Amino acid sequence: MSMFLSLKDAVARFVRSGDRVALEGFTHLIPFAAGHEIIRQRLTDLTLIRMTPDLLYDQMIGSGCAKKLIFSWGGNPGVGSLHRLREAVEKQWPAPLEIEEHSHSAMAHAYAAGAAGMPAAFFRGYRGSDLAKVNPNIRFITCPFTGESLAAVPALRPDVGIVHAQQADRDGNVRVSGIVGVQKEVVLASARVIVTVEEVVDRVADGGSNAVVLPSWTIDAIAVVPGGARPSYAHGYYQRDNAFYVAWDAISRDRDAFRQWIDTHVHGVAAEVR
Amino acid sequence: MSMFLSLKDAVARFVRSGDRVALEGFTHLIPFAAGHEIIRQRLTDLTLIRMTPDLLYDQMIGSGCAKKLIFSWGGNPGVGSLHRLREAVEKQWPAPLEIEEHSHSAMAHAYAAGAAGMPAAFFRGYRGSDLAKVNPNIRFITCPFTGESLAAVPALRPDVGIVHAQQADRDGNVRVSGIVGVQKEVVLASARVIVTVEEVVDRVADGGSNAVVLPSWTIDAIAVVPGGARPSYAHGYYQRDNAFYVAWDAISRDRDAFRQWIDTHVHGVAAEVR
Amino acid sequence: MSTTTNDVTYTATEMMTVAAARALTNDDVCFVGIGLPSAACNLARLTHAPRLKLLYESGTLETKPQVLPLSIGDGELCETALTTVSVPEMFQYWLQGERITIGFLGGAQVDRFGNLNSTVIGDYAAPKVRLPGSGGATEIATGCQRIYIVMRHNPRAFVERLSFQTSLGHGPTGRERRALSVHTEGPALLVTDLCVMKPDAETNEFCVVSIHPGVTREQVVAATGWPVRFAAAVTVTPAPNTAELEALRDLNARTAKAHGSSSGAADL
Amino acid sequence: MSTTTNDVTYTATEMMTVAAARALTNDDVCFVGIGLPSAACNLARLTHAPRLKLLYESGTLETKPQVLPLSIGDGELCETALTTVSVPEMFQYWLQGERITIGFLGGAQVDRFGNLNSTVIGDYAAPKVRLPGSGGATEIATGCQRIYIVMRHNPRAFVERLSFQTSLGHGPTGRERRALSVHTEGPALLVTDLCVMKPDAETNEFCVVSIHPGVTREQVVAATGWPVRFAAAVTVTPAPNTAELEALRDLNARTAKAHGSSSGAADL
């Protein structure tokens, strides 16, 4: 059952060094504030899970939070490479980063399988791809009806799932609108769940609306963090800060510029203010 | 791409004797009008697929449309047995009825697998149930990661899928609200699709609403049939006719009373009027 | 049949519904079937467990109906729900995802280990009576943390041997769940119109733990198709109190008015 | 580099985008990636194919953006969509369900059979260059009815042998799709800034079928890392007409204004 906590307390209480952690949000609703709090609390040895590691994971990897990354596309969308991720993979800085690499379809199926209480996901995938040669977690089964070979990947079941959403009601139910990505799946697949929200409202749902609503009993902590997805965006609240995505390219190319940015914009800010 | 047709023309054009046909609607939005048109056109040898064969399939089976039934729960909800279904199974009247019997979870997974282009559905199911002993389409696979035994059923891919919905827009996109059941899945799993709707509106969707919308290019024919789900209901349009469900018990117990009802209320009514 | 205890008069069905309702708590998330389970769950929600979460297999999450639904997909369930999801999502993410603490089941037949038949009486290929079938029951039986069974007590229903095992209880010898890798608890409570039964901690055989007021051991024995066992200390089920009865009768009256009959409380 | 044909002046990127857009029809349902494919698809929608359906992997169905998105999940895509579904649904029901007629792909490397690498240059365990990875590409390559590839033409990209086969084209020998039970058509078109290529009907090797105005055969040969073949009758790609150029430049101008840069048209 969800409880309202400060972001600082939510992270302190529900995230531990060594955890398998998924911060999700498909371009939209990326939980930057929560990721920054993880950096601030200097958590380490995390297995970071995310379909599209982008600026937030670049920041977390560059800050030394991660020992492993499970992902399917790592880039700065519309801009270019993630320099901190590349340096971790290519030069083991600030530490070696083990990677487990999938396709988007595999990750989406694996989150859905986690939400559905399945040990694995089965799908038509990875046919003719070398990914199956470098990732031992890509296996194949034979369809018992057609004899066809089908791909299998383990269900994703993070220790902690973290998402940002637009609204929570006073009972702690949460609503996500717009591009919903895998927000519902990561919440339902995770053992512990933190949701940051833009605001608290009286009602998150109306009869018959088929909205994407997460009941309070699927969530552990809710932190009210207006702007908690910046520089990504929150449908109905604020736009994506495209200029920052472009600016990140230069900041992240250089270790010192990167460190300075983290010192100033993450460690230098209190959790509540960010 | 969907075209607007009369119900008579839609059925004549897209449903053939011998087809595997699914008329879906989970209590809500049951496409009675379309089913009655199938009876009126005297189609036969259908394999009828439906999670909850209820009054509509009782009427179609009693009228001799079906040679096989694939289902997971056959009853008159809240009232009792389906007498036409029982007589077909117990006494082969009006004709023998082959049955392929599943659980709801299996049927729901099988429709989803059909929509997802999979040959089969894999799930945690049928553990300790005798259903696996009497249905050769229930098989088991071994999870390649955990060694666990998992149930498998063939994907459902009807030749024709028929659903009722509240609204279509002028471009032939369809919106379903309220209890959406497996409406989306049966539409996407079927080779040919007929949708009956309450009315045509200017717009079926708004940006960011995450409504259940079926694009026009997933549908073959749309027939505007106000009241097309009666005696079941259409959220936002009309209520369930509970009294008819109760009355059906007596009508359907007796072969002659049943025949008379069908003659009067199905054959005796023109398709357009009903 | 009606009974009077401490000046309160109630029917056997009311006793059964109240006894089932009492087993539910504010922390439970229930997968509710139509009929007796629906009445019991909503009674609990309207009395001692207002934060009880009710889910129906039509996809309605955390629904708060003012009247009992006639079908599993009544509009009332959707209109009063926190949200409504598709049926595949309900079975995938919510039931199979093991989000449910209590699943309510019934059936045409139950055996001493809580295995259930809702498929056929007689031979499957040539049945004496064709029943509705599994519906959600087969996976409810293994996907919920615990199963509560509510059934009317008579020897045709409480049988030595099922015609067909639709849904796994503790298995034909009481020990099959683990062998089938099912790690949920299984049937934990069996409430009838005569008594309350619980599985023996050693054998998983359902034994009588309390008998409803006015009912005798002999009646229970006569109504049970196997040699029924009684727990070491059998109590008398506390009779329905006036608050419980009032809430239940109000609910049934509202339901009858809305549906034109009291069929919301029918077994199926 | 810019070219002038019949008094119309255009860049090589404009020629490439226009040539790719022309391949799309009103009957197509496209799975669109960011960058060149997005520009080509929206240009087609704004010119000759107004009923072209565009889907982005963020779950936005039938979207009609007024400006090119910077990311695959821009708000513009959702606000102008017919509806938005979850990412698992997009990959399950829409891509794997084979609802898509055309998938657009690019990559860091392509070989003569349209196999693509977007994972690493060099050894996977110790890469020279770590690329973004598959994203949707691996299953787009097999789930869409046909694949159109758009890439800038140079010998580092058009290679004899891929470092890593992220996405199946026609396979390492041009004949692997059938052996892998993949029944979709695979790469059917390769549009570059120099020419248009199509697979040979027999061998599935991509051959040049038209060369853009002002480009020579020698330039194409020099830019291709394998001994490139030319079709029996190689034509000159029709130059962009003024209507196409105007629509594309308006789109890019609106995009630049909205995003503060023209990054919507960047390759990635």
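Per-chain residue numbering starts at 1, and chain names A, B, C and D are given in the order in which the chains are listed.
Going forward, a contact is a pair of C-beta atoms (placed from the backbone, for glycine too) under 8 Å apart; a residue touches a chain by one contact, two chains touch by 3 or more.
Remember, it's a predicted structure, so these values are computed and weren't measured experimentally.
Listed here as common contacts of chain B and chain D: A. Distance between chain centres (mean CA atoms), chain B to chain C: 28 Å. Between chain A and chain C the centroid-to-centroid distance comes to 40 Å (mean Cα coordinates, whole Å).
With centres defined as mean CA coordinates, chain D is found 58 Å away from chain C. Multi-chain contact residues of chain B (touching two or more other chains): 112, 116-118, 123-124, 148, 178, 180, 184-185, 208-212, 235. The set of chain D residues touching two or more other chains comprises 78, 84-85, 92, 96, 143. Inter-chain contacts, as defined above, occur between A-B, A-C, A-D, B-C, B-D. If you check the complex, the residues on chain A that touch chain C are 112, 115-118, 173, 184-185, 188, 204-205, 207-213, 215, 217-218. Residues 116-120, 122-124, 137, 139-146, 148, 150, 152, 154, 177-178, 180, 208-212, 235-236 of chain A are the ones that touch chain B when the two sit in their complex. On the side of chain C, the complex with chain B involves touching residues 34-35, 57-60, 69-75, 77-78, 84, 86-88, 90-92, 95-96, 115, 119, 124-125, 127-130, 132-139, 141-143, 164-168, 171, 176-177, 180-182, 259-261, 263-264, 266, 268.
Contact residues on chain D toward chain B in their complex (touch as defined above): 29, 53, 61-62, 78-85, 92-93, 96-99, 143. Taken in their complex, chain B has these residues touching chain C: 26-28, 51-52, 71-75, 77-81, 85-86, 89-90, 101-105, 108-109, 111-112, 123-131, 134, 148-149, 178-182, 184-185, 212, 233, 235, 239-240, 242-243, 245-246.
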